[in-house]
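Each in structure tokens, the structures are laid out below.
First chain A sits with chain B, and in the next complex the same chain sits with chain C.
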Partner chain A sequence: MVRPIILSVDDQDEIREGLLRDLESFESYFDLYDCESAADARLVLDEAEDHGVPVALIISDHVMPEETGVQFLTRLLEENRFLDTKKLLLTGLATHSDTIKAINEAKIDNYVAKPWDHLGLQTIVSTLITHFIFDTDLDYRQFGDLIDMRVVLDRSR
Partner chain B sequence: MRPSLEQVIKHFFQSEERTLRLKGGDVLFLQGDTNDRLYYVVEGQLSATKEGGEDHMGYLLIQTGDFTGMHSFLAPSEGAAVTIVADTNTTLIHATATELSSRPEYTLEEVLIPIFANVMESRQKSIYKLMAREGQEKLSLEGKKKMDLLGQFSGGVAHELNNAIAVLEQGARWFPSPLSELVRKHDPLLYEVFRDGLNQRRLSSKELRDRAKEISEAHGLERNLARKCSHARLSDEMIKSLGHERLQDAYDIFEIGSVMNNMAIASEQAAAVVESMRNLGADNTGKGIEVKLDETIQRALTILRNITFGVDVIYESPERDVVIMGNKGEFVQVWTNLIRNGCDAMRSEKNPNPRIEVTLEMTSNGVKATISDNGPGIPEHAFRKIFQPNYSTKKTGLQFGLGIGLPIVKRIIESYGGSITVSNGGNLGGAVFEILLPFIGD
Partner chain C sequence: MAISSGSPSVWKGRAQLFICILLPILLLQIPTASLPLFNDISVMEHRLLAIFMMAVMMWVLEPIPVFATSVLVIMLELLLVSDKGLAFLMTPEVENFGKVLSYKSIMHSFSEPIILLFLGGFFLAAAATKYRLDLNLARVLLRPFGEKPANVMLGLMGVTAIFSMFMSNTATTAMMLALLVPILKTMPLDDKGRITFALAIPFAANIGGIGTPIGTPPNAVAQKYLTGENAIAFADWMVFSVPYVVVMLLLTWIMLCRFFPISIPAIKVDINSRWQKGPQAFTVYTVFGLTIFLWIFAGLLGLGLTSHIIAMLPVTVFCATRIITPKDLKQMDWDVLWLVAGGLALGSGLKATGLSKSLVEVIPFDSMSGVMIIAVGASVAMAMSTFMSNTATAALILPIMAALGTGLPELAAMGGTQMIVIACTFACSMAMAMPISTPPNALAYATGFLSTKDMGKAGIFVGIVGLCLSFVMLFIMSQIGYFG
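Right, the complex of A and B next:
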């Protein structure tokens, strides 16, 4: 059975590891990856593409050296890649105009402020991956209790 | 023909018999006195004060080269408008209207015109001086008020945060030692992993991922578990010795060590920030400990290791200890602020090769430290304001400054009798902060 990827991008080691610890329950059906920069994230994405592994969700920080989260996600969109992949911006500092850009240009699916509430984040991740499963015609019954049943009810109508 | 001022002085204010010598405190004339003389100050200084009425605070200095007595000379029936007292030993020469019209080539009016011009000019000058001084006093008073308010505010916040941070800091500090004892007794292998977590060496996410792949292939582990083994820096032997069922435990125990270490560093930083906020409100006490400045720079670099990640930090510890009597936390705060500012500035400019250099050296009577970077430098218009509270350059884009960093730095440095200056250029081409600290007792 295919194991989709959940990818965390953040330049701070502690934040990445803390996030993955909070998402440990998703390990039963997903492979968790973490990258310290947009450039490194692209290596993971390229490899996933080469092997035909679906990327369900990218959780990206915004404020990073070299390339910001919004720039990174916008570029992916411009390259017409990973269009089904859900995008979540997890950030401590972003201005009003950054936020507008994130929604309009990077087309993010959700926005969570640091420090995050881990239960709230787990719910959001569950919702997003369920949408991804439906969007890519995967069988939601193969993902056990990680699925957001509200999304299932909504989308099975 | 009208005479020049020099000619007036030469012709009418040279007479020895009309010379008056006053000692400091002597009264020339009192307000209301009749006066029919014009006085020229050959040397010395007098003050004119006016009492009563709305402008009883009026105060005017009369100095060498000035004329006085103008008002009562012109309107003798009204009496003197002010009281004039000598401030120091003063020599004056006086002349009456009769004496001033004693020369046939000039009329009285012609003689008076250059004197009037001189009086007007000198009064105007002293008014401007007074206004400038008042303006400056007002400015510095406003600055002080701002600082006091900020001090009161931050002192209040610091007080509220202090107890909470103390609990966290002490906890984070105490936890590792009893826990590592427990783990050691329980499982010597996991103890090793725990120690690694406490003192983890940094690896890039790419390195960790490559290692995870290696582990996954060599030990037949699924990807998530392999990632955890790699993250916990487990060697192949360690993975074999632990056995598959204990790998998750190993990751957890590594993470506990690592998180505790992060918490200790973070709470130390929070404590330092709170401490400096409190210092903003009051003069600091407790500067009596020998502080090795090299240690405080190392500490600041540790605290900032995430912020300086990707930045080429150039710092060489001095060969001899550079020691100053002071408060360790304050110096850590100074370096932290300045290095962080440099990194933020370079980051916001998307500098591809950010570099920051810290130097520390002993001078003949103190210590000189510099923090320079290859960022954009300080904009011209910001030089004057950069150490003022509420001023921040980080208003656009992603970064917000509290606008209290540099004022804190300045206050700390000045509390040691030192100075901080900023310029652009230096070896790296960006901003250069130079700090001079005298050895206490010098």
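Right, the complex of A and C next:
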């Protein structure tokens, strides 16, 4: 069975550590990767693509030096890559216009403000990966109780 | 941070695929004349035996998706046993080469009338879901059952069974569980009623699928062997299967309420939906009603239409009225149709080359009584479909059983092909002891309200009762002369 990737991108170490802690339970069926910059993340994505390993979810910060989260995600979309991959923007400092761009241009699937609610984030991640599982025809039965049952029932109709 | 694509389970899959390919190739290397067990089989039968062996292994181990195995079966038949197969392999001048299949008849499997009958069912289901006919019907049908938990459960089971006669068992289960899950979450943790309700839905869907020829794909595979003098029309199928479904539902209901008693005093299923009233919605209601009416009464009305032709009614009308758009069309379960197509192609091949007869001769059926053969056949079908796809089970078992039905005089006297095909087809739908047994079971298990042990206990019981009841039904049918 494949282990899809969950990738987090944030320039702050403590945020990435906190995220990994919150998403620990997902490690039973997913490979968690964390990167400190968009450039780094792109390397992981390239390698995943080379090996044919699916990327289920990208959790990205917005305000980062060099390339912002919205720029990073927009570029992926423009390159027509990782179209099934779910995108979550996790940010505390995005301006109103950044947020508009995130929705219109980067087509993010969810927006979470920092500091985040631990349980709430887990639920959102679970919902997003379940949609990913159905979008890519993976077998939901192979992901234990990490899946969102509501999505499973909805998409099995 | 190295990413690799070679986890242990990936290697296991590759090893399984390798074995599934290697063993049939080895089988082909044995000279036809010196095959053990078989005497005097032709080259064509030998090749088809290898394809059959590969299909068995691939459908059991699933190194590739089940519908992909179907496509592979068709491809291999085209290459190895068809009149337009690989030229250097197709050498009919060889002694005892056997009967070559026409490539057109193999490809025809993709568009057999039974496939189009199913497509008609898919169109009805897709339109019903799109215009919320399913939810609205559920609301209306559930109303008379009040709020007493046991009654509500009977209502839910009835609705689920009726829907799964015309829609896919999986979609029906998903819809009903989606209604039920929020309610079950409010029930006390120690209330066994949560288990009862969560099991009742998939069980009712599995059972309900038996009710019509389009209820579940194994029924479609069965139609392949119910042709000519053995043909059973849509309404004639329902004449015996619907009473069977009703009795099974009642028995399952009583059993589940005994096994896992419900302790809360009342339960209320709220369905938030309104009847849509646009012209398209009315078209859906009319065509839905008319199609089912014609399926049941076309014979009595003397219209001369077969169920396959009637199935083209929703297809045509829904396409013309844009109720089903090209996008909806793309989302139909084509993989299910192709899975059935592969099963039909395998069956055609087995029959045309004569391999099904040769296989029957290998197994010492002669020493068993007719009743024994039916009991063993149905039990094997149920055991197999507990662990693998119901449709694939039907595709493997039914061609052999059908050959038995005509081959053994004792069976022919009892009800022949019809009887044994019905027994084994029903058995394919009675496997519900494990989450992997059927997709509806998997959905119910995934809700987290029950353990595999709960499902096993209830599922084995329902399965055995179901088998016994089907034997009783067949006995009655044979006594009243149904099989003529």
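Assume the second predicted complex is superposed on the first by the 157 of 157 C-alpha atoms of A that agree within 3 Å, B and C clash if a C-alpha of one lies under 4 Å from a C-alpha of the other, contacts with A are read in each partner's own complex, and residues count from 1 in each chain.
The rule is short, and it goes like this: a contact is a pair of C-beta atoms (placed from the backbone, for glycine too) under 8 Å apart; a residue touches a chain by one contact, two chains touch by 3 or more.
Given the structure is predicted, the values throughout are model-derived calculations rather than measurements.
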Partner chain(s) touched by A:Leu77 [first = chain B, second = chain C, both, neither]: neither
Going by the contact rule set out at the top, does A:Gly52 touch chain B (first), chain C (second), both, or neither? second
Partner chain(s) touched by A:Ser156 [first = chain B, second = chain C, both, neither]: second
Counting only touches as set out at the top, which of chain B and chain C does A:Val44 meet: first, second, both, neither? both
Thinking of the overlay built on chain A, is A:Arg3 touched by chain B (first), by chain C (second), by both, or by neither? both
Does the superposition put A:Ile147 against chain B (first), chain C (second), both, or neither? second
For A:Leu138, using the defined touch cut-off, is the partner it touches chain B, chain C, both, or neither? Pick first, second, both or neither. neither
Please work out whether A:Glu36 is in contact with chain B alone, chain C alone, both, or neither, and reply first, second, both or neither. first
Which chain A residues lie in the overlap of the chain B contact set and the chain C contact set? 3, 31, 33, 44
Of all residues in chain A, those that touch chain C in their complex: 1-3, 5, 31, 33, 44, 47-48, 50-53, 140-141, 145, 147, 149-150, 152-154, 156-157
Where on chain A is chain B touching in the complex? 3, 11-14, 16-18, 21, 27, 31-37, 40, 43-44, 62-63, 65-66, 68, 93-95, 98
Interface with chain A, chain C side, in the complex: residues 1-5, 7, 9-10, 129, 170-171, 173-175, 177-178, 181, 435-436, 439, 442-443, 446-448
Contact residues on chain B for chain A in the complex? 202, 204-206, 209, 223-224, 227, 231, 255, 258-259, 262, 306, 309-310, 347, 350, 354, 397-400
